[in-house]
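The structures come next, written out as structure tokens.
Next come two complexes, and both contain chain A; in the first it sits with chain B, in the second with chain C.
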Partner chain A sequence: MSSSFIRQLRAEHQKGRRRHLLLIPFIFLLFQILWAFWQLNYADQEELGSGYLLLFHHLPMMNTLLLPMMTAVTASRLCDMEIKGDTLKLLYTIQEQTSLYDCKYLTGLSYLAAFTIGQGLLILGLGMSYHFGEPLKWPMLLEHLAVTFSVSAALLAIQQTLSLLSASQILPLAAGLVGCFLGLFSLFFPAPIARLFIWGYYAAFPAAAMDWERDTRIVHYYEVSFPAAGFLLFLAAAIAIYLLCRTITARKEV
Partner chain B sequence: MMLLRCIRSENKKLRHSLIFPACIVIPAIPAVMGTFNYMQNTEILTQQWYSLWTQHTLFYASFFYAPLIALYCSYLWRLEHRNNNWNVFMTAPVSIPCLYFGKLAVIFRVTLITQLWVGILYVLCGKSVGLPGFCPADICFWLLRGTLAAAAIGALQLFLSMVIRSFSMPIGIALIGSVLGMMISNKGLGLYWPYSLMLMGMNSNKTKDALSGNSLPFILSTLVFFLIFYLTAIRILRTRDVHT
Partner chain C sequence: MRPVITTEALTKQYGNKTVVNQLDLSVPAGSIYGFLGPNGAGKSTTIKLLLGLVKADSGSMRLLDREITDKNRLSILSQTGSLIEAPAYYGHLSGQENLQIICTLKDVPETEISRVLRIVRMEEQKDKKVRQYSLGMKQRLGLAAALIGNPRLLLLDEPTNGLDPAGIQEMRELICSLPKQYGMTVLISSHLLSEIDQMADHVGIIDKGQLIFQDTLSCLHEHSGTRLLLRTDNDKAALQLLKRSRIPAELKDGKLYLRVLEDKAVIHAVSALVNAGIGILRINEQQMSLEDIFLHLTGRQVSL
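Take a look at the complex of A and B:
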């Protein structure tokens, strides 16, 4: 990484001062903490026995509902300062368009990383405070966090492009809302159709699944093997999305 | 007279904006996908128009109605937050309640259009899947009740977008508030949380009226929340200095 790029990255970090950007992942995480306590307080002893599996099954759904909006808000906060201040013209005379995109993207990723680490700590903390019957399987936790981070990273590339291309922020935020909708609905669709919607990928690589018996109303959580090949394919697609979005932004006439 | 002028000028601000495309496209997604879901599960969903209603409102009223209104509110305040428009806004020879109510009236109008569109989509989808007759009168009433709940959320979101200078943060707050709203409503405390009012008003994901025909507490709650946020916003506008 060249010293010039590091300087640009530092400048991007400085632009975020007093904009309370860390508040975005914090608020979303706080909500998930509240939700998790609410969920576990009403769980019976048997469910608490498989508490980690319960979390690994429900958290991806909660992520599908919330994280498309969180990435939209993060990208909008990072890019809107340039749109409002009309600074892109000025910046592009001293900085490569791709470099600005990369710096903003890396800054956005740091907030997504903060959220992902926070969610990991939340799972660990809940395990300790509710004394889940089973021991935590670390590979499952790492897989869950890797999926959460990589899907958010792919969405961030899309949202950042929309935020930089849109004079008003209606389009990127509406896209975030639409993403939440599509992601949530895709959970109820057959897998081949669900795979068409990137926003639903939070729940596409679950570490745990659930059986629910209608008559007895008994819920049983069980471990499923991680679809590593599918996830690698997704990572390749995410990189392609990032490159495509970066190219589109770089070609934009200011 | 002054109020009418304010409303007219706020309307002008929406010209050529993406508000109306958003108000058309976003409700179309739950309508299409809800209908698809309904068609996939007709053996369980047997109550025809009522079952279709549960699928249309399942996510729309529970999670996305409030963020949609938040989007409208953020756009309306964004214009004032930019450049030095706060100075122009506050020095206009118009009373503050008029200025603020002008914005609220525009939000209600756009929300009314959104709800009408939701109703039209519901009827169109119902007919396209071959449901007999016309949609029941109760559902029209639930749709209207949901529109009424928008008064409280409109006042709340307009207040949030006024005090938070970010375009996106109030929309994120609305989404979180709505998800919390569903949890609170499930505990039977929905009347005490503004974001629950919309899903209660629209009788989201239910075939029987959740308010059991007694809408008075719901109307009272909507009115109280509306007054709280409206009066707080007016007070802040009157007493606090603006930041441009």
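Take a look at the complex of A and C:
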């Protein structure tokens, strides 16, 4: 990383003063903490016995519902100061358009990373508090966190582009909200159609699945093998999305 | 004076509309170059082209003795400062913090901040959040940001827009002091001739993307046909006498105009009139408005 790029990253950090950006992942995490306590307080002993599997099954759905909005708000908070203050014309005479995009993106990723680490700690904390019967399988936790982070990262590229190109932040935030619903609905679509909606990918690589017996009303959680090839394909698509968004933003004349 | 900015056949089109058309700009070093034209004439686009914010369709540009390319653009611009259309600022940060960001990006020590704040006379307001600043203060902060790193060239796009008369006067004094005190070249755009008249020593006039005049301000005045309005107690008799004395004069809309400006010629005309017993009530120098100059240069009326 060149010294010039590090300087530009430092400038992004300076811009973030008094923006309370860390509050965004914290608030969304707090919501998930409340949901998890509510879910586990109603769980019976058998369900708590497979508590980690329960979390690995439900958290991707919670992420589908919440994280598109979180990425939209993060990107918007990072970019609206440039739009409101009409700073892009000044910045582009000092730094490359692509550099500004990269620095903003890396800054946004740091907040997504904070959320992802927080969710990892939440899973560990819940396991200890509720004394889950099974031991934690670390690869499952890492796979879950990798999916959470990488899907959010792909969405961040889209949201950041919308936020930098829009005169008002209403459109990008609305896109985030629509993304939440599309992602959630896509979980009920047939798989080939569901794959068209990036917002639903939080639940596309589950570490655990669920069986529900209608007669006995017993819920059974079980481990599923991680679709590594599918995930790698998604990562390649995510990089392509990032590069496309970066190019679109860089080509825009101000 | 060697030019600091040179463009050759610079052209920019948006769709079918040519916004900048074969522009040959030449801005001498150490000058204040007034870039004058009505709204929509292509002034802002030209400045954006010079800064690489928009891409030219054809033509070439030289800034500070170097041909601008995509590769060296930022290196050349590191020696320039700019204020485009509206002041750029982060409202949630103080003036000082805003300038810190520019220092970080330009890799300039933060000691520069107190220097530029002193130039724009904003030391007192540096700790206030910028969203609480008046427009005039924001403009001065924008100028301070442009001055960071002591640039050799300043590009200012309508820097007095939206300012009250006191703010305009203050900004004008600031800009005028820059070439003398810091050896900078300043290109300033405006749609007001009076503004350029009070600041610039060189002028370029742009209309419909084309440069229709470029020279010194004094040359523009000669070109613009500045004249003397003469009020006498008998204008008709005065006109006949002036014509007999071969002094260029005309009676237009009931007003007597003397078409000479040289001191000797004026003394000669006044003496002739007084000796003939014609009373002189007033002599006023009348400058053409920008509208009149446009009419004179292009033969068409513009709305400014």
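In this section, the second predicted complex is superposed on the first by the 254 of 254 C-alpha atoms of A that agree within 3 Å, B and C clash if a C-alpha of one lies under 4 Å from a C-alpha of the other, contacts with A are read in each partner's own complex, and residues count from 1 in each chain.
Throughout what follows, contacts are C-beta pairs under 8 Å (C-beta built on N, C-alpha and C of every residue); 3 or more make two chains touch, one makes a residue touch a chain.
In this text the structure is predicted, and so the values were computed from the model without any measurement.
Superposition note: with chain A as the common reference, chain B and chain C can be accommodated side by side.
When the two complexes are overlaid on their common chain A, residue A:Trp35 makes contact with chain B while staying clear of chain C. Contacts of A:Ser4 after superposition on the shared chain: chain C is touched, whereas chain B is not. Contact with neither chain B nor chain C is seen for A:Gln119 once the two complexes are overlaid on the shared chain. Superposition on the shared chain A places chain B and chain C such that, viewed from the Cα centre of chain A, they span 80 degrees in steps of 10. By the document's definition of touching, of the two partners only chain B reaches A:Phe185; chain C does not. Judged by the touch definition given at the top, the superposed model places A:Thr161 against neither chain B nor chain C. Of the two partner chains, chain B is the only one that A:Met70 touches; chain C does not reach it.
Legend: residue contacts after superposition of the two complexes on their common chain; A:Thr107 is shown touching neither chain B nor chain C. Of the two partners chain B and chain C, more chain A residues are in touch with B. When the two structures are aligned on the shared chain, A:Arg18 is found in touch with chain C, with no touch to chain B.
In the superposition on chain A, contact is made by A:Met81 with chain C only, not with chain B. Of all Cα pairs linking chain B with chain C in the superposition, the shortest spans 5 Å.
Shared contact residues of chain A with chain B and chain C: 84.
The residues of chain A lying in touch with chain C in their complex are 4, 7-8, 10-11, 14-15, 17-19, 81, 84-96, 253-254.
Those residues of chain B lying in contact with chain A across their complex are 17-19, 22, 25-26, 29-30, 33, 36-37, 59, 63-64, 67-68, 71, 74-75, 78, 82, 166-169, 171-173, 175-176, 179-180, 183. Residue ranges of chain A in contact with chain B, taken from their complex: 24, 27-28, 31, 34-35, 38, 65-66, 69-70, 72-73, 76-77, 80, 84, 168-171, 173-174, 176-178, 180-182, 184-185, 188-189. Residue ranges of chain C in contact with chain A, taken from their complex: 48, 51-55, 74, 77-78, 80, 82, 84-93, 97, 100-102, 104-107, 130, 145.
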